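Here is the structure we will look at, set down as structure tokens.
We just call them A, B, C and D in the order they show up, numbering each chain from 1.
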Amino acid sequence: MSSIKKIGILTGGGDCPGLNPVIRAATRTAILKYGLEVVGIRNGYRGLYLGDFTPLTLENISGILPLGGTILHSSNKDNLFQYPFEENGETVLKDVSHVGVENLKKAGIDAMLIVGGDGTLTSGRDFSNLGVRVIGVPKTIDNDLASTDVTFGFDTAVSVATEALDRLHTTASSHHRIMVLEVMGRYAGWIGLNAGIAGGADAIMIPEIPYDINKIANAINTRKKFGKTFSVIVASEGAKSVNGEMVVSKVVENSPDPIRLGGIGAKVADELEQLCGLEARATTLGHIQRGGTPTAYDRILSTRYGSYAVDLAMEGKFGNMVTLKGNEMSYDSLNNVIGQKTKNVNPNGELVRFAKNIGISFGD
Amino acid sequence: MSSIKKIGILTGGGDCPGLNPVIRAATRTAILKYGLEVVGIRNGYRGLYLGDFTPLTLENISGILPLGGTILHSSNKDNLFQYPFEENGETVLKDVSHVGVENLKKAGIDAMLIVGGDGTLTSGRDFSNLGVRVIGVPKTIDNDLASTDVTFGFDTAVSVATEALDRLHTTASSHHRIMVLEVMGRYAGWIGLNAGIAGGADAIMIPEIPYDINKIANAINTRKKFGKTFSVIVASEGAKSVNGEMVVSKVVENSPDPIRLGGIGAKVADELEQLCGLEARATTLGHIQRGGTPTAYDRILSTRYGSYAVDLAMEGKFGNMVTLKGNEMSYDSLNNVIGQKTKNVNPNGELVRFAKNIGISFGD
Amino acid sequence: MSSIKKIGILTGGGDCPGLNPVIRAATRTAILKYGLEVVGIRNGYRGLYLGDFTPLTLENISGILPLGGTILHSSNKDNLFQYPFEENGETVLKDVSHVGVENLKKAGIDAMLIVGGDGTLTSGRDFSNLGVRVIGVPKTIDNDLASTDVTFGFDTAVSVATEALDRLHTTASSHHRIMVLEVMGRYAGWIGLNAGIAGGADAIMIPEIPYDINKIANAINTRKKFGKTFSVIVASEGAKSVNGEMVVSKVVENSPDPIRLGGIGAKVADELEQLCGLEARATTLGHIQRGGTPTAYDRILSTRYGSYAVDLAMEGKFGNMVTLKGNEMSYDSLNNVIGQKTKNVNPNGELVRFAKNIGISFGD
Amino acid sequence: MSSIKKIGILTGGGDCPGLNPVIRAATRTAILKYGLEVVGIRNGYRGLYLGDFTPLTLENISGILPLGGTILHSSNKDNLFQYPFEENGETVLKDVSHVGVENLKKAGIDAMLIVGGDGTLTSGRDFSNLGVRVIGVPKTIDNDLASTDVTFGFDTAVSVATEALDRLHTTASSHHRIMVLEVMGRYAGWIGLNAGIAGGADAIMIPEIPYDINKIANAINTRKKFGKTFSVIVASEGAKSVNGEMVVSKVVENSPDPIRLGGIGAKVADELEQLCGLEARATTLGHIQRGGTPTAYDRILSTRYGSYAVDLAMEGKFGNMVTLKGNEMSYDSLNNVIGQKTKNVNPNGELVRFAKNIGISFGD
């Protein structure tokens, strides 16, 4: 593949600690190991469409290792195969992927690293099928990708949630309260499960294990017998009750003020307050989980993803996504990984078992 | 005051980092400097009523310096002068302060340190007026007490909010978003003002300076001219618009689900999204601000408060509250300090001026 | 194994974040899942010899999850098979293991969890061979155990070292200096390698890759060409030069003052200062790496180790040590794992390759 | 002072958290409030001599608030009034201050903010006396400047040292050890005193209170009676024994290896090990104390210093240094503040008294 002289890097989708280390590792590997030129594509696919490219050099990536976010910026739900245009007051979706392909050619970009989640990588696959030389790098803070064992950003999210639980513990204990922390995880409960164990939660509610609020209440009431008049609860935003309800925070459209309703955390707190006769309070961590400096673990993992992506490109392994299998980097075809089912917590798996071993209730 | 042989310590009101260092410093000073016995009164005034006392020793206070919360636990809105009893299904308020006085006598407690906010200290004054030897220690995370310059817990709250702002910055920047952080401060904007400066906020909304949302929006739009397509906003929970509205998160009583509505942060985010044409998101920090390990600054400050309170007791200066004046500990009569007006941010003061100097908008 | 009614837990050897979560998880699993009694053996084998046992209950292990150290305390180099006694002014080693066995019997302890490093587990195996029912839990901050993939405490050590590197970076950059951080790792370079990658080091010196100081100096000088007049270096305490020297900090016995000499970090700083014409400073992290609150990662990992150890005991799998293989808990015979060679960094392995990819020099 | 159109900013001396916030606040105030141009003078006085100037804009100071170090870089012991030149193999000191003055004129810089310690500000005063319009901003991590109450960087140093003490505590306790932490403070014990209180030290040794090692040992031995078989000690690098010795880490010039000897921490550990019969270990925090992200407190304080310096310049108050008096910013003549005695800890002052109240030994 000696024909590769210049590579582009694009980041798409939501914020995730580790994006800058990926950019840094890929750029340094490309320049220092392979003598390539590197180009940053700004604002995700929008920048690809607009030709908004910027050179990445050893100098301008200096100091980004500990920074959250992405110096290339990102955009949500960009898709050049279905790009939204306003026409006569309506939104029309057109395929302008050829503009992106043309821009890459004009800029002399021989291969493109695409760092993103399911949506971003789906377009990556489609560009690959158009003949663009693409290497995908998976990005999901939820760690719910079936094709790779661990994704960067996840350890940081769990750490931030754990630190919040440490802080809530002292309030819970001092005031004999139930404190509910709502964490990210609409479809998979990895953050909730891990933060719950690390933060010493008494109950964890995740999408994979429908909860019976009465059983959660029982667990709290049992603690009272041991003199523990407080409890700390973790609820994934996508947790479902056994009745199938799922409460997601949402905007009430036609209210006088455009108000937002509380999510699962608030609902659970209200219910437990009534069932247990203890004051209950909910906190929603929100975006704090996905911003800020990555943990050491995530910096190393994202460095591996970024550096390996360039190695793969130089080996000509296009159309693939970098993966982590056990302790080793590997890769898999974008055609395979796109559309795979979410990697869910196994309700009968080891981690849930250990959590139950130590007395954590899942409400099941 | 050589008649003091045994002192009691009581903590009341909301959680606040520094309570345990106060307990530790008071206990160590009492035992090591004065050879006293020390008794912890558990769960605030409720414990005083119930005689729920526990000895405090060098051993059982060991290791509590870095811990948030209070090992003595607390209770909100306890008041033995108006203690709530259930009678025939109704709540009746009775004065049972004599039971508390009696319990102190029975336990041989010669003087009582009362650590708490306005409510707790009001009862402290009332006990003092009944002849109980009381030293007050002020506790307010909001730093809004007129009689003392700085209160412990405040530096920790500002630090936690600042760290959250650091994290939100990277998301805001990566996604060209407006991120709104709602922080504590229903009546005074100290946390919002300080965290906003420390966290590099572009606009700060505090109760003392009614904001015009259009002026906030203008500030954000002006930033766009400098190429800054994101903004980070801090809103105190008690911030008010120039129209006098104040949005406080509350429970909608008769809704099908007992839902909670978002507060000022959510409202501001929604308005700015429309006015600025940028995505906006709100995060409410909530209880995370008042739990967890105190900063070094707060550990030192609370140690001074706790140790000085015992010195004061041994000097027989009862009926007073410990204060910080400039860099020195001092004291003031509980009769004076109770009912004083909230110490508010001065809209024309130095800190607001510096904030405006560096371009922070207050919407005024 | 319904004959197990009471288990003992013993921690031995050096401090390591995660010991308390192991104790907590094992105790909770034993009580809540299996209805056992749990006994803590204090101060390692010394406590076994002295019969210094203490009941572990849900109450007295409460709150220890985020604490560093071990509530059971520990002792270094205790070995009941070669226990040191003073006789006539000389130290005589005697086998008093039978006293330990006897004490277990007297206390009715049916099985013993032994948490420790190589030395502690060697005695564990020996007790197992005497018929004591033993489950081993590996503990090494250096992550250099061949029989298990990752050990708890390691992630915390890497995180602490990474945070130190973040701080040193700003001084290095502001002052055009070389900053050398000496980290733990006498025989294996895992902490140095991982912290170096996570902390953005320019060179890493580890025991497994003998370094030529001139090559390190060259790497620093090459950076100057890119306008980088500073460098940050990580040196494992056991790093060796190509000449075979190894500099370990040590006490000069007969000096007027009992002084300690600096280790590899100080030596490397002095050499690089001369070779590169830049000021160089060394910092030795020391014990800070092994104390304090465990990271979320380590809390989860140690919880798994502790809970699984009790599961194994109840399955009657005595004489084994808990291990982590890939993402799953497993176990291996103590007879196998004792005396295995140190798990070293592979100089041709993936992680070193990625480190070199991004331009980190190992001086080879 | 409408004649001010362009100001320069220069940072000199050692690293100190808060320098970047000073630069940021001064630049923003100058541009946004006064419409000035701002120029950064790189590498301290060296840059003034070389004319190494760079424009400071809203854009290139963006994101520096949380960064340690100084984006303008610094140099130690630069002094244009005694600038070192090599002539015939010898170092000759010449006065080249006129070159600096000339460079300011050529660049059209009307006034200069000089941020630095005693040495840097002495030159600042000398430039002021030459007619250069100078505003000084004090910088000392040791907080030992008589003319101002608190300096930025100090709170961060205390916080870092406190966190280290938290980590050392668990090792000390688990292993029944004495852990000695050596912190900065050659002439003044502020960091040691404050970190010692915040970190729960059992003894503190500072330059202002000569210690008797036997009294420190007694304090440790007394703890044993309360069942505390460990102790944590803080020693300022400039602590002196009652015999007048002071042990400073230094390089042994003519040794075979250019080795560094340990400082006061190592010496104290060795002595206490012998006197107390407990293992003792020393850790020297070193540069970690002065690098890295500033605390919220220091970000606010340095923002005030930087913004007020520009206000002062616009009021024509040249030849002055910004100070903090109580809770308000103020200023004092550089002629007054230069050469003032170090602000030392008062051995009979309030903070030492509270430390002794809670049982901390100073060895006096």
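The working rule: contacts are C-beta pairs under 8 Å (C-beta built on N, C-alpha and C of every residue); 3 or more make two chains touch, one makes a residue touch a chain.
Predicted model only: the values in this text are computed from it and were never measured.
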If you apply the touch rule, which chains end up adjacent to both chain C and chain D? none
Going by the stated contact rule, which chains contact chain A and chain B alike? none
Centroid comparison with chain C (C-alpha atoms), farthest chain: B
Whole-angstrom distance, CA centroid of chain B to CA centroid of chain C, is 41
Can you work out the whole-Å distance between the CA centroids of chain A and chain C? 31
What residues in chain B touch two or more of the other chains? 166
Pairwise, the chains that touch are A-B, A-C, B-D, C-D
Given the complex, residues on chain C that touch chain D span 14-15, 19, 43, 67-70, 73-76, 160, 163-164, 166-171, 173-176, 179, 247, 251, 257-262, 266-267, 270-271, 281-288, 290-293
Residue numbers on chain D that touch chain B, as the complex places them: 24-25, 28-29, 32-33, 58-59, 62, 65-66, 149, 155, 158-159, 161-162, 166, 194-195, 197-200, 226-228, 295-297, 299-300, 303-304, 307-308, 310-311, 326-329, 350-351, 354, 356-359
